[in-house]
Every structure is written in C-alpha cells, then in structure tokens.
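In what comes next, subunit A is part of two complexes: it sits with subunit B in the first one and with subunit C in the second one.
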Partner chain A sequence: MAGITQERELPIRNNPDLESFDIVTAYRKLLADDPDLTMPVAAIEALIEALSQSSAKTVFETMDLIKTQSARLRAAVRNPVALTHGTDLFQQYLVLSLKQPGPDGKETSSHENFEVVRQHLMRNGRLFASRAKQAREHIAAVGRAYVRDGDTVLTHGGSRVVGTLLGRAAEPVPGDPSRRFQVIHVVSEGRSAEGDRAVAALRDRGVPVATVPESAAAYVLGKLHLVSMVLVGAEAVTANGGIISRMGTYQLALLARAHGKDFYVAAEQHKFGKTFPLHQFDLGFDQDMIDFRAGEAPEEGDPEDAKNPIGDPVDYTPPEFITAFFSDNGVLTPTAVAKQVIDLMY
Partner chain B sequence: MGPPKGGYAPDLDKFLDTLKSRPVDASVDFLISLLKRRQIQGSESCAIATARVLLQVVAKDKWIDVDQLIGRIQLVGRKLVAAQPHELVIGNIVKRVLGLIRDEASEDRNDIANDSPPGGTTTLPPSIETVPVEKSIRPPSLAAFGSFARSQSMFTLLSDPDFIPSPSSTSQLGSGSSTPQRYPQSTNVQALKSEVIDGIEEIVDEIRQVDEQIQNYADIYIHPGDYIMVHQPSRTVQRFLTRAASKRKFTVLIVVDPSASHISDDPYASFRKALTSGGSTVVNIMNVGLMAYMSRVDKVILGARAITSTGGVVVDSGAAAIARAAREQGRTVIVLGGVYKVSPDSRSHQEAFVEWGSPSKYVNFADGRMVGQVKVRNVVAEFVSSELVNTYVTNLGAHSKDHLHGIIADHYNDEDVNFDLFGKTQR
Partner chain C sequence: MSTAQDGSLPEAIPEQAGKPDHAQAPQTNDKNTKTDATETSKPAKLSGAELKAKAKAEKAARRAQVKASKEVAKGEAAVSSAPGQLGPSAGEVKGSKAKGKQDGGATTTSGAAGRPVVSKGPVSVTPSEPKLTIPECFSHLTMAKRIPITQADKDVHPTVLALGQQMATFTIDESITRLKATLLAFKKVIDSYTTPPGNTLARHLTPHVLNPQIDYLTACRPMCFSMGNAIRWLKLQVSKIDPDVPESDAKKQLCGGIDTFIQERISMADLVITEKAAEKIQDSDVILTFGRSSIVERALIHARLINGKKFSVIVLDDPYDRKGQTLAKNLTAEGIRVTYCGDLGGLGYNLQDATSILVSAESMFNNGSMYAPSGTCDIAIAAKQLGISVIVLCETINITERVATDSLTYNEIDPERSSGESLRLLYDTTPDKYLSLVISELGSVQPTSVPDLLRKLEESN
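Take a look at the complex of A and B:
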C-alpha cells in the first residue's frame, strides 16, 4: 500500500471528477423506476453510470473508482448483501479481463483488453438489465419440468423468479402439454403487499392459489400427499450454496426437511456471491429484530434505547436444507453453486 | 440385471450382429422394439446397444455438417429414451455422444483457425477429457477459462453480446476468423466422422471395462473379517467381491429375492463357489429380518442401475429397504457403478425412477380369479435417496455425492446436460 500512497503524488487524479453524480441516488432511482430490476443488477447499472460519468481512463483509476463507489453504495443501505454480490461480480469481471489471453492466442497487453472490456460494459449498460430479465425466463424454462401435473407447490413472498416460473409452468409449450397444479402461498402478516401481487398474478393465469398465514405452514405441510415441493426465491446466494432470503425462508426450509419435502430455490446467477455466513447473525449487518422489553412501554422521545428493526428482514438458509437451485445455468446442487463461486470469485 | 436367459429371443448379442447388415433406420426401430419388450435390459446392455446404434447413425447416415448430425442424434436419442424411459443410461450415452461430437467439432474448428493441416491432427482420446484450451477466437468474453468452463456462465450477464468485436472500437481484435456460425461447415466431414466413431468405440470400451476397473478398488473397501451385505448382486458387485475374496477372508450375506426361493437352481452358484474357494463364508438371506442381520453387518454394497446428479441411486427393488436399515444402524452403504451410469438428468421425482414390471413371478396367469379381481404390482427398480448412501465407487475411484457434479461436468457438455431428452415423451 505504501507504493500506492506514494504514487498518489504523481499526476494520477485521486478522485476522477464525478462532478455531481451520486451513485446512491442513481441506484435508488434504478430500483424505483423498474420494479423488475434486482438489487445486484441495479448496483451493476449504477456502477456503469458512474463509470461513464467519470473520466477515469487507466486501470488503476477505474478499479479505484469502482471500489470507492461500491463502498459508498454499501454504506448507504442497511442490507448490502445483494448489491455487494452485484458489485463484486462487476469488479471480478473487470479483473479477469486483465488476465485474458489476447485474440488468436496472441499476447496483447492486458491494458488493451481491459479497455475493450471497459468500453463494452459502458456501451451495453441497458443490455444487462434485459439480460437479467431473460435469465428469469430461462429459469422458468428449466424449472417448469419440476412442476408436474397435479402437484401442489408451496411458496412464499413476492419473488419475481418464482412468479415467472410458476406462471410459465401453467402455460402450454409446444411438445409439452399444459399442466394443472395448485399453489399454496404462505403470507406473512407484516408484508402482505408483495405476496398479494404474486397471488393475484397466478390466479389471473388460472392457477388455483390458497393463501395461508405463516403460522399455518407446518400444519399445511403435515397434510399427507398435498404439498409436493417447496419453491422459494432468494435475495442473494452465498458462497457455500446457502441463500439469504426474506425472513421466514429458513423456517420453511426446516419444515420442508422435517416433512421430507424437496426444497428448491429459483435464483439467477448474478445473485451468487462471496458472502459466507456462519449462522443467522453473521450476515454483516444488524437487523435489530430482537428487542427485549419489560414493564411499561418506553417513552416516545427516547430514540437512544428504541431498537429500529429493519424494514425488510432476511434470514439465512444453510445449504444442507436446499435440494437444488434452478438457475439460468440449469439445475445446480448447492455444492455446484459453491464450486462455481469459488472458481470465479476468488 | 443378470445375463439374459433363454436363447430363443433376440438379445444384445443378436442385435449387435444384425447391426452391420441392416439400414440405420431399421436398426433403430429394432432396438426400440427390443427395449420396449425388455429383451435388452440391464444398464450395461442398454448402454452398449445405444452406443452401437448411434455409431451406425454417425457412420451410415448422410450428413453434411455438424448441426445436422447433432440434430439427427438428438432425434434418435429421444426415440430410444422414449422406448425405455426408466433406463437412464440410454440418455447418458446419447448425451455423451452429443458432447463428443461437439468437442470434436470445436477442435476441428480450432485446427482450421490455426491453419494446421487437417489430416495430421492428433486429437486427444475423449476418455482423457482434457478441456481443450480454446485459443480464444473470441475476444475477451471470458469464455476461455478452460477449467472454469461451467462456472464462467456466471459472467453471461456481463459478457459481450456478440463474440465478434465491433469493428470501430476493437478492430485490432477482429482479425481472427470468428464466424457467426457455431460450427463452421467443416471442410472434412470424413475426418470428423472417423474421430467421432473412434470416440464412440472408446465409450463402448469404457463401458465394457467398468467391472474390471471397479474391482481394483475392492481391496480398499473390504477388510478381513468384514461382514458384507449385498442385494441380488449384479455382475459388477460379484466381481468386486470375488476379487476381494481372492486375497481375504470375510463373510458375505446375500439378500435374495424371496420369490426366487422355490426355484431349485441357485442363480449365484458360481459366485458362491468363487467366494468359498477363497475361504470366505456365504450366507443367504431371504428378504425378511434385515434389521436383525444389520447389527452384524459392517458394509452394505449395492449395484446401481443409474446414479442421478444429486446422488440418488436407482437400484433393484428391495435394495432401498436395505439401505434404510443400514442407515438406521449407522452402517456404511457403498454404491458401485460405472461413470457411464452417472446421469446429468436431474429429474427430481422419485416416482419417475420407479419401474413397474410383470407380476407373473408372484401370481400365475392361469389363476383366473386372482388375475380377474386382484391388481398385483411388482416393482422392478426403485430409488435410494442420496442421504442413505455413503460412498460411490466408479471406475474412476471413490466419490462423495458432493462431487458427482464434477464427474458430470467432466463427461458431458453443458449444452447437452440441460437438453431434455424426455421432451415430447412425458405425458
């Protein structure tokens, strides 16, 4: 690091002029504008915007810019896991481009390669968002074979991948007749809005959906021959092949295991990342979910004491509870996911 | 799983004899009917028959480019899988052959790019399975990370939309002979054809050598004084134990099909003789009372009909109960099966692997009242989930279930892994 600090004195612009660009607002705007965008992809898009706003030219400047902007993004949100997976993927892609062999096996300078990749990334900013959506369709195509005629699928939350998968499974495809299946949607009281949307979308397609409260999940799973599989989405996929997903996923996974049901996760590959939680409270940020109280309710104007639980809490489901992932790279076991992350991200 | 009995019906050998003289389509149809009538059965026979008939397709059919050949193989493959959907090895072999064609074709393409004479190419035998280091005709698409072949798909999100760099900004990269076509029209179909045929021959050799290779690991798993339980031992298991018995003394408990008990001749007579001649003890167990024996048993060895990518095993009916009993008492369960039985197919539903067969063993068809009023089902193959299995021993050695996906990545091409051979055939 000493060498780098020395170099700072050379005419390398320490902070390439980003002028008024603020990556956090850009990120929030991207997410708000397009409800179909996932957090990792929004982070990548925001980084690309930052890249095109800046005048960074050299490898060092670019990487430095990406690092500082990523850090700024991370600091601005309470749960940075998913967006970190996006920025890590972006960074890794650029780093690996430096190691690429040149065209036709010729040794070109890594700088040339880097420049090509950088240009490509900046040119194709919008492409990635549409690709991410295509990935969802791809997952739907992979997963539909797993939803069979007469099945009952238990799911929860408002995962867009799961919604797409179930929606496509209900449609006939040439050479594959349409199938009839039903869905049990576990609704959590606090966050029913997104669940309602998913339920309505499925019912519109003619899929019979039953909604049950979270407290009834074990009861429903206990009915013989009813639920054939549990299918959930994920916010982020960890390096060991587990998932970080909306609160309540872990208990569904435990219940599925207890009842001997298969537990599937539908997730795009850009959600894979280096996070490696050892347990529920090792996600790298505090959700303030546990708030012990006794006696009277605390006074209003006492913000120091009051816990501030996170708006959209998540939990961690370890890989041993996951049967398989439906990804845009086919069906992967948790170990296969782990291998993929280790191969590329380290 | 045993060798086909009776000489009157056409079997594998007869089928293989007729291959040369018949036109391809007739051979395919003949094989389909044989598979449907279960006149060719057992994973090894099915695998060999499939490989042989695909070899005929490659050799005799008229095809002008790689895509056409791949399409043809896929079509034939679909038909064969439809004929016997429970035998996963048929799909495995079809996918292996498809992967082989793709490998040879891409090697071919690189040769053209490198301007080396097409005749003098030394192609690696596919069994070595070296990932060809693509001398990147593609610009920085990150597609050239050989061993990461499967993993790099994580970057598909960010990869260049078309591998051809746009001429304006990246003209220095565009000098390669990047062709938009996936597989360029090969200048010598003949060379490709002979390579593919050689490759299929090697797959057949591999299948035939599996038993021999697996038995080399017997010493590692079977120790003197062990109590080994086997279930209706297949030839693979028999040879495995016979090899061990030639050096060590141990006890083998053979669980036999109780319905076979009234048949006077012992199907395992020669196996028994081979074991006892080395001083080992053989005990026959009629299917009941497994738990009682299990406390003495050290290891359970099962022969696989097929192994799924998640580690589940398709076994002869009855073996699942043994696996469960072994797990209940903490005994080791070892599954034997060639690499060709490891299936990239990841259909989840256990029912899909259960095969029902003729119940004539249990109910005589002459018994009119029974036939008329009682529904008798006889399961032929059933599914053992991966939690009940400790180790998989293939011709490449021992594997844990976590690394089966590595075997699949080494032996199958990504494009074929996800190719649904069942497509139209599923209800």
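Take a look at the complex of A and C:
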C-alpha cells in the first residue's frame, strides 16, 4: 500500500519541515532532564517531538519520517539496542492504532484515523513517559511479593526499577506489612557512582545494605542460606526472553545458576524488543572490549591501533539463566516474554 | 502413499486383479527368501526380527493360499514382473526429464500389476524382490515413484504431468521450489478450466479437477508440508468463490490470489529471510552449512556482496547427493573462501573453526523441531555441544501444525539409494533444543516460539 501512496503523492517531501529540529539533541536533552527516563521512552518522546515539529500529512509521510528519524537516532549512539526497542515499539503502536476502527466505533479510512491518532499523540506528548513511571510502580507492586521477611537480596548496578521495587518492599501497604530484608549490593570499581546512589537510597529507607566488590560475588553467593535471590534490572529485553544489561550481569546469572539461586529481572514492557542475540558478540554493535597488547605500552596518540572501549558496556544474559521477569504485565517466564514480544512486535 | 496411488490409478487396475495379487504376493515372497537364503548360504545371519517377519509372512501365505487358491498363475506373473518395473527407477540416478518419461513408457504394463509390491502393508514384509524392500517398521513411510505418464489419471493436466516427473526424479527437490512450481502449474490448470454445464466452479473445481492433479503429484512424490499448507489454502479460496460470479472473473480472482500468495509467502519471504540471515553474518565469521540450499546460498552471497562482509564458509556435503559441490563452486565464484568436505567424517574437526551453523529447514514442526535433510541433526547436536549457534532459515509456509519428536513419524524413503539390504531416509528431525534461532519472514524467533508464528499468521488472515 505504501508503494501506491508514494506513486500517487509525488513529489513527496523527503523531510517535511524538520530543518530546525535535531532528534539526537532532543533525545539527549530528554535523558539529561529527567534521570528517571529510560532510553526507549526517551526515544519515543523524541519521536513524538519530531512528529509535532513536522508537517507530515499522510500516513506514508509519517511512517517515513519515523523511520528516518529512528535511523538518525540509532546512528548517533554507540549502543542502539534499547533505543531501537523504543522506536520499534512506537512504530508498531502507530501501525496498530491506524489499523483500528475510529474512536466513534465506525470504520474509518486510515487517513481520518491517522488525524485522530496524530491529535491524540500531540495532546498527550508526555503520556509515554508518565506511563513508564507508572509501570515501574506496577512492577514494584508485583515483585514485592517475592521479597520475603528475612531474605537477603543480591543486586548490582543502579537500576531504577530494582530501586523502586526494593524501596516499595520496605514500605507497608494496606493489608501487607513491610518486609524486613537486607540487600547485598555488588559494586563495580569503575562505575560506582550509580551504585552508590542506589545504596544510599535504600539505606535511607532503613534497609541494611552491604556492598561487596564484583570479585566477591561468587564468595558471597557461596555462603549457605545467605542470599535468597538475585534481582537485577535490564537495559533491554530480547526477543527470546534474555536481557541486555550492564556488564557483569551475565556473570552474576551464571554464578546464581551455579549456586542454585533464583535470578529475577525487573523490566518494563517497553524494553521488550526484536533483538535476538545468539551470543555475547552478536549484539549488533562493537564494544571493543578485548584489546590484546604485548611488549611495551604503546605511545599515546596512535589512533590506528588504539581500541576505544565503549563507556557503558553491556552483556547478554541468555533466557535459560533467568528464573522470571517482573514486568508491568505481571510475572513472566522468559518463554512468556518471547510470546509477548511476538504478539507485540511481529 | 499406497492409498494415494490407489486413488490415482483407479482405471488402470481392475478391482479383482488387485486382491489376489495381494494375497498371492507373500507366497512368492516366501519362496524368494528361501532361495535367497540358500544361494547366499547365509541363513544364520537372519536376525530375530527378520525370522519373526519371515514366520509371519509364511503364516500369512498359508492363509492366503487357502483363501485364494485360484488365479495362482496370474498372481505369480504379476509378482515376477514387478522387479522389471521397479528396476529402472530404483537403479537409475536422476536421469533427465525425458529419460524418466521414456522409462515410464516402457514399463507401462508391468507397472500396473506390480504396484502392490511396494510395501503394501505387512504382507509384503519379506524381501520380495532384490532391489528394494521396506521393513515393516518403515512401512508407513512414503517414497517418490515414477508413474508412467500413460498411467496417470486422464484428468491430469500436461503441466502437472511434467511437474510430477520432475518431482519423481528429484529434478525439483527443495520444498519451496516444489511449492512454487506446483502453484504455478495449478494456475495453468485453473486457467484452462471450464465449468461443465450444470455445475458451479466452487463445487466442481476442487473434487474433479484439482484433486486428480494433487493425487498424481502425491503419487509421484509425497507432498511436502508447504505444499499441503498451500493446497489447503487454495481449496479454501476455491470454496469461497461466490457461485454468482462469472467463471472468467472467478478464474482471474483465483489466479490473482495464487500470484499474491507466491509473491507474499515465497518471493518476499525469501527476500526478507535472505537479508535477515545475511545480517547475522559478521566479519571473520566461519559459517558451516550442510548440502546445498538455495536460500542459504543467497544469504551467504548477500552477506558477501551487499553487506561486504569478509567471512569463510565450510560446506559439509551429503555423501549421497553432492549438491554441496555446486554451492561451494558458486560461493567461490563470489569470492568467498570455502572449505569443502564431502561427508560428515570430519564433523568434529570442521566444527572447531565454525562460528555458526546456517541451514534451511524443509519444514518446522509445531513443537519447534526441524525437518531437514538427513545429517542435519548430527551437525546440530555436535554444534550444540561446542556452544555453536545453529541458525535455521524457514519460510512460514513451511511451518506445519503437526508435531514430531523423532525422525520416523514423518520421513521419506530415498528411492534411488535404497536396496534390499539397506534403506536410506531422506530427512531427519532435529529437536528444538539443538537449534538457536529460526529466521522466518515474520521475524527471528526461538524454535519454541514457532507455534506463536503460526498463531500470528492465523490472526493476520
């Protein structure tokens, strides 16, 4: 259908009135302004901004705009996985809303429908962001039941979902008292800032937190009856129910499996996407983590050889190591996640 | 297949001749076994199962003798002529189309009478003729067979007749190619169809025109799952046609439908899968593949020429069917470094270098198992052990709602490389746990999500 539209609507404007708008700046600004915003949601918000700035009038023009702007966003960041999940979701949302019958129930042409959807998006520009924050509270409500009195939860990183979940578990809700549990926070030397923030937030709520270095994770997990569960967040959830998360998650998952501990992931549904890595080096971008050296240290300013490792490295945890996901859709097994991704995105 | 044959050759075989044939076969079989045994002087080599089968056959023969003491001569004649019929087709290696036809013509008379020799239930268990015997445990499996053109149903369209021969001789072999050829042939059938007076197209076309074609094709070579899926779809389209629509419009509608089907489910699907598979190939990868599959070949060439990746390929070949050589030649011509190995002998060694396995599925079962040329399962198991990912390319039309946990429930006997002593199966089933990724035109999923793809397809229809 798109092809026909294109032929009929020629000449088509390549980039309808978007000269002054830079989606990459908008995306970066969104992320910087709101520390609670996740990458997929920021990408969606940026796309909505682009849409409101443009004068795209037809469905085809809009989809084309979304595609080019998404591609521009993807090209601008080194690790585009989470962001791609966001843009894919938005694209799918648009397609689905255009397919649905109009708001008054009667069958409308996709063009009329398009105007309705467009107006709705413009009016509720921040809808996705606020929903994403609601999702986090929802996950906290779901996952809370899995933290029991006397538990010790092992976690790492500065995941906002995990922070919210543990924070809510320490608070009483009507009909459900607060939990008395403790947390072991695995801190990596290079990226301690976000971890420190999470630790401080939990300690403020009166949750006893111990911090251990990453090298001690196996040691801690090996203590009999100490750690009852491992809980981590995720940057993106893959199509097979695995996760792409900050470097070190995979080894925690392996250690948890080796010690027979449950490994839970807290992630919002908007992080689900079509990425399907087969192994660690199949993420779709190069992290340049491995740099072989021998002999003397190379001279500075040798750009030919110098590897440029990514600042925010991630790894891939395959679904077989994950016990369950806490999502805003309830508690899901990795297989259920895969099914949801197919329902949502394919 | 036997039943399908029956359906396709109702005129050729008189009903009375069929029965005694049947009854008489074991007796003669029995004799043959005995003489075989004495001639080769290896009676001790008979295994327990064979002895049991022999005893059973003897018993059946005795019963049959009592039952049908008449027409002995006729039955004997029928059986003795059987090897003559099967001989050329079994011994011949993929002759040209014309040759196949010639053979078919020459053996017309004996073919009809000797028909039941090819595994007609448990009665013909014992070796009845030296060329090919199918043990009882494999008797449910089907086999491609050259049907002489003269014996085909009179309603079979010439295009379908030719296609049947091509399928029987494995000139057209891949599931998706067979599907496409079948659909195109059916388009011609529909095109040349005129509704007889007093009938409606929707009611008449399927039972009187399409079914004979399908029966004939099935007799030539058992249908692959994709053909089954497509034919079910086509029949549904025919039944949906409004009786009030003029015939020419209805035919145009059907042919247009078939064109769209080919475009969407085959051509576009192949394109999308090729691109997606090529994306999975990175620089300095070593891709291992088995035999020759056109879509794997396209994906590799796409990765090399369009994506500009520098990788090498290991082609393991099926020792019975050296199609991998063609693949190796074609890839080398595009500047891809190819290692070729004629059989699975060096599997472990070759796998040491491989980074991923790329194969295409003949079909995917609903439980995520893969139906693919025999040997694929061995590679997948070995690869899994080494942690190498196995990527499966499969168009959604090849997905069947059936389930298979072993390689024997659904399979096909190789008509050209099976003999009295040994039997070769064409396919094997790889359980989902040995596969990493299924790339279909709808998206890349894990093998266990194959039913979700089917569900998604049903929803979109």
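Just a few scattered comments:
By our rule, the second predicted complex is superposed on the first by the 331 of 346 C-alpha atoms of A that agree within 3 Å, B and C clash if a C-alpha of one lies under 4 Å from a C-alpha of the other, contacts with A are read in each partner's own complex, and residues count from 1 in each chain.
Basically, contacts are C-beta pairs under 8 Å (C-beta built on N, C-alpha and C of every residue); 3 or more make two chains touch, one makes a residue touch a chain.
The structure presented is a predicted model; accordingly, all values stated were derived computationally and were not measured.
Superposition model on subunit A: subunit B and subunit C are shown accommodated side by side without a clash.
In the superposed model, A:T335 lies in contact with both subunit B and subunit C. Of the two partner chains, neither subunit B nor subunit C is touched by A:A258.
Taking subunit A as the reference, the larger set of touched residues comes from B, when subunit B and subunit C are compared.
Look at A:Y346: by the touch rule set out above, it reaches subunit C but stays clear of subunit B.
Contacts of A:M289 after superposition on the shared chain: neither subunit B nor subunit C is touched. When the shared chain is aligned, subunit C comes close enough to touch A:H279, but subunit B does not.
By the touch criterion stated above, A:A239 is placed in contact with subunit C alone, subunit B being left untouched.
For the overlaid pair of complexes, the smallest distance between C-alpha atoms of subunit B and those of subunit C rounds to 7 Å. The interface of subunit A with subunit B overlaps its interface with subunit C at residues 335, 339, 343. Those residues of subunit A lying in contact with subunit B across their complex are 41, 44, 89-90, 93, 96-97, 100-105, 108, 112-113, 116-117, 119-121, 124, 127-128, 131-132, 135, 142, 145-146, 148-149, 175-177, 229, 262, 268-270, 272, 323-324, 328-333, 335-336, 339-341, 343-344. Against subunit A, in their complex, subunit C makes its touches with residues 280, 282, 356, 389, 391, 436-437, 442-446, 448-449, 452-453, 456. Within the complex formed with subunit C, the subunit A residues making contact are 239-241, 274, 276, 278-279, 281-282, 319, 335, 338-339, 342-343, 345-346.
Contact residues on subunit B toward subunit A in their complex (touch as defined above): 113, 135-137, 139-140, 142, 144-145, 147-148, 150-158, 160-161, 165, 169-170, 172-176, 309-310, 346-349, 402-403, 405-406, 414, 417-418, 420, 422-424, 426-427.
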